[in-house]
């Protein structure tokens, strides 16, 4: 099946590349034929043209750089405790009992409404933005990690106990690798959430970043620039996802397929 | 172990109730002793007092009712296609290849920035709010459902195929029940996300709803009312989560523990 | 006798009728590792075909290809059309294969439910086989509430109930006590004699192989090849317990046992980096 | 002989020394269903203790309690302290229990790694047992790349390598061909004779039970009780193959076989809603 | 005659009082128009629905975004005043952090130099406002650090010492003073005598329906006049003030009556006249900053023909004695 698998991988790639292109193509056609209102939904070709303009002027890179830095910092700050707490919730019932209600109650609190309070606590600088990203990353990762641990077949926990795994080794050798595929899913969800929240955070007191760029473009009714911002976020999301997929393949070599 | 299990369930309940109470108690102490600034973080007792005022005046119920209706409608609209698409992504590689890039690219697009466009597409009435909730619910559910299907042991797919399960039965008897614990996790994540987005959506074109209430309270620096709103959302999130947990126990009877 | 053997060369084979299952130069690689090496084989219709071979020689790999769950890397597999109203094949998988989310009853009824057999008929058939496997009393339990042997019995009931044209069984009785095993041997022989299904049966027990089989294929270690195919000319119907006292039985067992021993020893000595 | 038996009544038991494992009125219920009913039992140190019984009679349940993985619903289990430097017990689990995320080597080395044994020692011990189980060549593979029998062998290597005070083995050789099984019987006997570990061994093969054991406990069906404990007074060291030709061996096998048959028949006829 | 439904976007700020009164007191009905008021959280979000025709009219501001929208082909018109800062009625103010005033570090506009100043948004008219303040002090845009912050965030930002000054609006101004975080340094009139802050916008298609627009605006101006009649000495203190304050409370959701008595009320021209020089000043500023790049003229966007036509109908505004 080696040849066949290569072929099907190849055709998967093709589909992966084609499906967004088809959608963009449809949009382009709709825009050109006037089916959609180009004042609000400009043609992709138009947006991409503008993207190159902004990129060559360097303005875009500043925004992207600022957002990526905040994203990376917030990701680390949110992800690491989320995995540790998630593993503990999954492994130990009292921890679960203590954290579950807190998480389920605080998770749905609208982050946009919290922004003023976060500003109060973290100030207007970078830390408030990083905190927003961290909050966004935290919840999906912690919830998925706990769910991941709970779906580990009980026999593996038995093996760990029987072979004398310490509490730490129970985390490291059983819960973490067993939950890893789901932790990765949580991380993908969390990173996307982080991107969403960075855009909200950058609407306040920021002078650069994609969120600022998009919001500012809305304020100035610069629709093209707004779309460039959304487009760049989509690309970042896509690339991040592909990166996490590659990472997953690298650190989950035991998984079939 | 029956008696022991009852006892440990009981103590789990106690912990679950105590942990938020302890947190609120700490906050209360901080507020009373002036460690936190009560202008911005009023004491919980204060907030709860105000909550009762608003509740008895009936204003609160109107807001809660409006939000819950939108939440429920958006939940259904977002959840059902998410599960179907998620199962298909998990089961069929070409579907996965086609949808994965679209999902990973559109998921991180900030919903708050999309609001003006959603207003153009869905109008200013209820449907735009329902659409926002549906978008929020969709992503976590679709992503977790697909991940849930992919972690089903391959042997179960083999059994399905070997015993002649049709495509539909492959969904119904293998993928859906096999992924159910993770679908439930996705649903919990999605419902929370829906609550977050309803708050954003209700800032526009709404005269009631918790989002409107919170935003309006901030505009007027009516900090207590804002906290009542956040508090009520937290309670809704908590209750929803408990409901989903109970549902999960009912529909996943095969799960241990 | 290490040359691959086709039907024509086999004594007692059904050369006249077209083979039920025919393999031509079937090779299977997992990644780059060769698991099965050019298997050419015909299994005539209504044959009870037993496969034995050292652990890891590719028996499961072969059976999965016969079930259509995997495709050969090279070569071709032809399987004659099945009788109307019967599924082509049903497999008793090696290891746990019950759906954790279905009760014993629903697991056993799975194939019939998928084929939309009327409920009354399902009740009858599934009831019968759960009874035969001694699992009727546990029909409302979920798999995690069963012992290993109980799970295996449900898996057997599931395949039997499905009434397929070809029964593919991968070490189906390995986790059963001798008595349950004997009862199920008898049931299997009864089904086989009544319906003349084609059965492909993997086992590690040479006793079991000789008791049940028409032909016993011994596989080589390492990349699996056909070492030899031994016809079993013991009279039918066979009485499982009495059979063991006939001298022909003992000879066959010894013969196959010796062939296998040779293979395992060869495999062990060839082991890369062996310190033995 | 259906009365629960304690050490004192046993011929050939080590009454003088305190028992290694002692159970007093141990009862285990799963939910409301009774799985084990008032088991009272002493296993002297260095005994090779074999448990046989019909499928679903509670053997695994018993072993899990000895391993400390489950607690009895009633009664008490006492296990004497282990020798310094050895873990108290290691289990060969029934069914798949290898970590899918570890290679064969890492799985086999798991117990030693957890105990922070020096790397050189781990390499030596794990290498030895992977070799003995014929899995050294596959040491870099992941479990999903192994056949069922190969996985079982790694699981055996893992327990052997851990060098525990008490070896708990739940149908460890069920998925192995006779030759691999014989080789591992010999290795197990060698380990046991060298180190005089206490072994509790579950099997469905009466041959295996008699070949290996000092005492064979036969369990009743339904809620598991002790039906009888049969001492095996065959001389040691035993040669696995030769043993089978001694008349004492045949008698023992037949005796235990008959006891078991009785239990299975009883279980089958008692089956609720049985249509048989 | 069939009543047309006019959809109007509002922000429920105090300057929307004209619309609110016209609805509440039945003026719209009397003029034969049916109006649906749709709340929004910001003016910027209304531009697209207004341009697309989902809204017929909206409360808005002369921001750079509005000109850009017109430039992109959205047919929008500013047709009536909806809020002007004039002497005595400057409901927007330059706020300065309290400790800076108390320590004497901030004494005059010139002290803005080097300060962090909160402005609602890039390209908002308030940018032009602060520019006027800087001009008066002989400073330039580059001499301050602008921080773009929505109004509700100003209070927390002061509390946090994240900003030093801000162009803020009521009721935030009074809330900040009450919470002891900032001082109302001056009204805008101190450096920008008449500042046109908010206006009523209508969609180009709706504009063609002159009859309905006129009827709509007539009712609106009746509401404005009812409001203007209660203004006295820079407070809502004229006749009918108590009812007016109750109406404002109902509209904005402010329950604190004392606060409403304290705040500086917004001025709205009883004839709906838009202050064109102010609009032109702001537009010129946007162009100089490059926020508006086309050569669009204010006169192209401001259309006072509707309110002008209503002058004879409504007659001169007579302030009640």
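Each chain gets a letter, A, B, C, D and E, in the order it is written, and its residues are counted from 1.
The criterion applied here is as follows: a residue touches a chain if its C-beta (ideal position, glycine included) is under 8 Å from a C-beta of that chain, and two chains touch if they have at least 3 such contacts.
Everything numeric in this text was worked out from a predicted model, so none of it was measured.
Comparing the centres of all chains, each the average of its CA atoms, the largest separation from chain C belongs to E.
The busiest chain interface, judged by C-beta pairs in contact, is A-B. Separation between the centroids of chain A and chain C, computed from CA atoms only, is 48 Å.
Centroids of chain C and chain E (each the mean of its C-alpha atoms) stand 84 Å apart. The set of chain C residues that touch two or more partner chains comprises 31, 95-96.
In chain A, 37, 40, 116-117, 120, 218, 256 are the positions where the chain touches two or more neighbouring chains simultaneously. The multi-chain contact residues of chain E, meaning those touching 2 or more other chains, are 45, 47-48, 52, 152, 156, 159. Those residues of chain A that touch chain B in the shared complex are 8, 11-20, 23, 37, 40-41, 93-94, 96-102, 104-114, 116-117, 120, 139-140, 143-144, 147, 150-151, 154, 181-182, 185, 188-189, 191-196, 199-200, 203, 211, 214-215, 218, 226, 229-230, 233-238, 240-242, 256-257. Those residues of chain A that touch chain D in the shared complex are 155-156, 158-159, 161-166, 169, 173-174, 177-178, 180, 252-254, 256. Those residues of chain B lying in contact with chain E across their complex are 37, 39-40, 115-117, 119-120, 123-124, 203-207, 212, 215-222.
Residue ranges of chain D in contact with chain C, taken from their complex: 30-31, 52-56, 59-60, 94-96, 127-128, 131-132, 134, 136-138, 145-150, 153, 171, 174-181, 183, 204-206, 257, 260-261, 263-265, 267-268, 271-276. Contacts from chain C toward chain B in the complex involve residues 64, 67-69, 87, 89-91, 93, 95-97, 99-102, 110-111, 114-115, 142-144, 158, 162.
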